[in-house]
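Notes follow the structure.
Labels run A, B, C, D, E, F, G and H following the written order; every chain starts at residue 1.
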């Protein structure tokens, strides 16, 4: 019977992801990219996405014109995902934002990433002042305002790839203590400056608290760097960098 | 400058899709499948999705357990999309619902389908009692309740792949006249009966009004057939059948 | 004191418009045009607009692209309002939708029309089965859901220029009786057919009930004619026709 | 075909306004006036209005009594717009608020101003600590709560004419740094004092941050001056002053 | 202790009103007037008002201008309540709507009426096809959407004084059967015609179902008569007539 | 680890309830009572409750006064649940509504009933015109408006114990066909008549469609019988009767 | 015609209250009492109430049990209003809260107070650091969120009788500067202590800023005194004291 | 008559609980447990629950999987309530969350606890800087936003068992002054750490202000201790400890 097939496959997969190598919050460009490179390196990776669909802010391109732009430095990540790129000159390439989203997701899954959607990360699991996992709940329960307790999953390392909001970093700052930033606190994202933002998002991809890495737009937000223009290359590179940093730790 | 690249690529693509061979409303499993087979046959196909993300009800599997089931008859469509299937016995195969969604979308785009998201179809274009296109508007404008007139695009044939609601069929019934059903009217979907529903969804994939085809869950809804169980095979076959019926017409 | 200047000017103008020749509901393209031609012929005209701003659906052009199109038959109405038109060939002219809106309003006011905004028409005043005025209330009171009774103003003739919804016609049908339509009832607007819709909107501009005329999109809605495409010429001509029909009556 | 005419005219106009001399946020009395004087001086001016209709708070006069008052000092600006003024004595003139709104808009457009409505300014573009443009998005997308990235447009100078809220100034203070005010921060508007407020709104029309000017009610808000009474003259003069200050810079 | 004083006084009064002579739903002009005349005749009268404040639509006068008008025929009812009336000529008198409301309430209470506010009537109590009381609940419980059962109170006769909506009549029609109207059903109120409406509201004050009388605006609504203008005299007379009809029955 | 204990216990229990003897929708007084008697007879019973808490309308007693009343005929059911009853004379007993709710639930669980809360029944499973189970989904998913497909569970017999709304009966009528009522359709509940309602709720506890029984307030609603007063005895007896009718069938 | 009678009476009364001796915000127990004593002393008093109905929190008594309690010290104020009091012993008297509300309003109007309802005070008028009037707007406009400017009225003295919120005091603190309190700032009301609160509310009835007095619950809130129990005597005495303080100033 | 039975039983019980030994806010696991042990010791205990149903966050188990876990230290409390426990090894026991909730409530009521539901605690009663009772109101009145004053009840000791939010502690801190914590202020709950949280919740169960005890999740929140995992044992022990501490005081 179909109900049994669906529930038991889910049940087995959920059970087998209660303890993982890396847990990621947010299936946008940086989260999917980080997940792919970690899974390719044979790590057990689980990715929680609060919405039904993955992709975050990629679907709508700029102002709902479904096109995104990347610079030549990050072109290889989209080439690896078999995305058709149009050379727009000056080192810029454009792509269909819907294609980019679906293909980044496809390659992550092919690499072995396990994605659970409609699940929100509402807190972290803390031992000895190190983040050791996520406290999760159904997004629907939270939207519906039901009073229901969460569960927790355990991970050696966690990535906050929740975008501008840098939600996990905010939770840690509010409920645990100082972050690994100059002020110890979070900064607000700065006004848009594409040139600087594209560069700093990679630089700011770091371990902000023992056990917790920040990647993608959240990295600029946490470190008070400028917002990027409607370019996605930096976010892809940030995701890849987060993967590399964690792989070094896991060795 | 990035704004110019994005806007001008969108502008060129939107302009070149104001007149097409086939316009499809709804990027769920049947809409994406119909679009792919039509594009593979070199037809100009535009697909309008009201949400930011494609995939419709597929992302959540059954009850947010992200797994779907297909029967062996439709397995080849997922094989063509490189989806990993798990044989569950008795002719059933399960798949990760997130993988299915992103890969059905990827192969449709690779085949040449042009998808515009966040656009809703709010009426049809009618000449001589034949549906000749869609009247469209930004979904955001409709959600925000702004009073803004729509625009129209012209198509030789249209497909209503909007799911249960069969929205385009409802518009045509209300604003034009009788449908090609026994009663001339729409029926409500019947209670769930997986065995019958999976079969009838393909049978009911028809031209319901001159120029307008219905595919996917809407086909059962329009013809008063049972709702399917949490199986997606029938919808994929329905999409493929709609493509075939239109290809015959377009020759 | 400024409060006294404002209140006393309003007070005087409101008092002097409690009995008028023509009362119009809705300050969209047809309402403003009808009002202008009536005022030019020295009639006392009051126009009630439920929103703060006049213009109805004109501001947003098509799909928020702020451009509208008219055909050469109605070009003279925009020429009279000093609107800059761009010849697009085939008898079509385009204009900036924001310019059209503000200038149609300016010329109506210059002609002597008195516009009261944020006032909704919630019923008609009826004597001997003839509409003899409007029952009005503050829109804000209705939005806020306050339980407050309306007041009434008296007019020799009334125009329903409320657009698609044909709200005043609906009120009369529901609260008084049969309309001057083949069925006596209101029809729903039909699906879009620009060629037919542009023509019928002028034909359907009629006295739908003794004392009440319908103009603009409501005329097609009431008589079950097709919805127009994103062209505004028919609506302007409809407004002018309503003015002419009433002027004949008022002689 | 009408869709093509509308879309392609918009497309051309949007493309040609991605780089301008002056970008203005807010089409109320000060924004429209500033825009008109800049355009008259042959500058390329783009004005973004978040609502469908221009005019801001002018439509409703005072307490929805559609009358406004100006003092004799600013009378010439309304005379230039062909607004009928009634002399109320003591240097005060009253006007129909609906007429003022539509005529200020008409003359701005005639002067060459390009208005895009339903577009919100959500951030500024920053280079070398100078505001060089706006980061924009569809208002409908923001109202609907869709997760879609913005685009940016580039301008030599920008004006914050968003009224009381002084939204752009708030963004700059929050996301960039100190403003050109005694405290470096924004002040809240003070309680109403018509005599002082009318005077200070012109005095406070300044460059609050390199590249960014504030005009209209926002000027009093930013500098902590009193709120004006229901008089609009100061706002018109403020708009004109902003234009003059920028024209000096652009020489 | 104050809590005990308040609760025990309420408790005693509520208990002593579980069985009464007459129960009235709605404390607007007709409900308060009916109640006063019944109480003056020594009957036990309970009045349930769903809001916190009594008065219904009287507070706002016409369009929130706090003035009401009565004709000379009903002047004596306001004279009895010590309301100051201004003679406006032609048999019309105006009064301050806030004064009318508070004084009609004061005299009803002085006559012995017991008013319970924030209580809604959600059904009737029925025995042998006669209305014998009301089924009541806290309005707050209903607004808050809590799933809580009602209680019932028993009355020899009931009055529906709920205004336009004629809520109790609708309940009886829907949940019990035919009303004492020509069609057996409820009619919708007709468009405004002050001359006729003022007269019919008194004529239509009747026993619409065994045990249930209708008074005030509901009387015109139930019998399909015209809506009154912003005059309150008919409603006062209607309330008095309902009282007289019931007093005859109670003898 | 605690997450594993909780998830795996749920997983095992959910899996083992995908096929049951009896499925019940609604954990109010009749649903809990029916479930208890079925489980006591060794049947496998699953009860779905859409809210987090069981008890339906019992918690609030009458008008949030947390007291309920039963008549002596049903007293034994509360005695069996160890509820303290106060003899109020005339065959009436009162009880604390909070005690009744928690104890009816306790004894049902002790008897072996399996309750799943926050799950809604959104359709029935139909084979050969017999109801053979429920189509279920998370309530939170439905409240949050997420587009997610349901799953189905299989049962030999089903009970609609959803109260006034008789939701399952409505679904069957709308999506399958005629019910076993005189008209084949559902009736609306009649106005309150405690004497008749208490008796008819037991009489109307029947198999309304092959495989589907109705119990509790829904029974009166479906058969057009009067609403009960604030007495719960009839509902308890109705639940017990539904159990007995099904036990006869299951033999 | 009735519309003319209503509008012109309102118009005359509004015009004649643009300059008054005393303006009061809030028609609860303290506002009505202050107004009555001021009007009795032949002062011109205008009272603005944001709701349709006067009375504030009095209607609902305690927890919607419509009873209030006063102590013997303030009994004479209710005696003056002809309210029936029940002696509850220990110096306490209870009254029907609905009677108290309607009679306090009646006697204020009889004394010559002019009440305008559905008008909110959104700011103060300030000259030379003295409050000289209120800036007002329609409450409906504010609830509906319409962007409409306010008007102002001028008064020699103003009273903030808006209750707990002490809204006018908050505005003055935020938009003007220090209040006449020990800290210069507002305090939050303290937890309930009936004995102290009843006494301090009279003590704290003061001129908190030149031209502005605070009365009623706001007085305790502004001075950080305890919240009163469900007793209304202190508020009545506070209103009377505010009147006396102003009368001294006006001499 | 049933209404009389219900109202008079409520009335008597409410009256007899206006002065009690202990008043508790919140009927979750710690509130019910504290109440039971106090009532068993013959103390008069009243428990106010803002929702209709008791149980707080227990119903949904973890992530709506209706299972909870306790450790062996608190097992005896569930044994006393006759809950069936499953030994999961390592000192852990699992239970059905619906069973736990209904049985903890049943045993509290059997012990003599009086629960009033749909009542919110909105403030405390304060004398001589000691909490001496609660200020209460109907939850429905607060949800509906009605302006109605509360009543108060008097208790020798009070318990804040409102969960994470520690609402009563927040009120006392905001409206009275310093708490008995190291900083005198409230801390925010820390991120999840099951081992520590389970232990500290018992340690932190204290008298936080004269007359006010905190129990359950609020205890960790107030003292800045870690959030517990999905384990309920600590909360049960915390409830029991609060009871013991108060019993000592009451001797």
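Please note the rule applied: contacts are C-beta pairs under 8 Å (C-beta built on N, C-alpha and C of every residue); 3 or more make two chains touch, one makes a residue touch a chain.
The model shown is predicted, which means the values in this text are computed figures rather than measured ones.
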Angle (degrees, nearest 5) of the CA superposition of chain C onto chain E: 90
Interface copy of B-F among C-E, A-B or C-G, judged by whether over half of the contact pairs recur: C-E
Farthest chain (mean CA position) relative to chain G: B
Computed distance of Cα centres, chain G from chain D, in Å: 39
Distance from the mean Cα position of chain H to that of chain C, given in whole angstrom: 62
Of all residues in chain G, the ones touching two or more other chains: 2-3, 6-7, 52, 59-65, 118, 138, 140-141, 146-148, 151-152, 194, 229-230
Chain pairs in mutual contact under the definition given at the outset: A-B, A-D, A-F, A-H, B-C, B-D, B-F, C-D, C-E, C-G, D-G, E-F, E-G, E-H, F-H, G-H
Residue numbers on chain G that touch chain E, as the complex places them: 2-3, 5-7, 9-10, 51-55, 59-69, 82, 86, 88, 92, 94, 96, 98-99, 101-103, 105-106, 109, 115-118, 138, 140, 194, 229-231
Complex contact set, residues of chain C against chain B: 56-57, 59-65, 188-195, 226-227, 229-230
Chain E residues within the chain H interface of the complex: 1-4, 6-8, 11, 14-15, 18-19, 52, 118, 138-141, 143-144, 146-148, 151-154
Interface residues, chain E side, partner chain F - complex: 123-127, 135-138, 141, 146-152, 171-172, 174-176
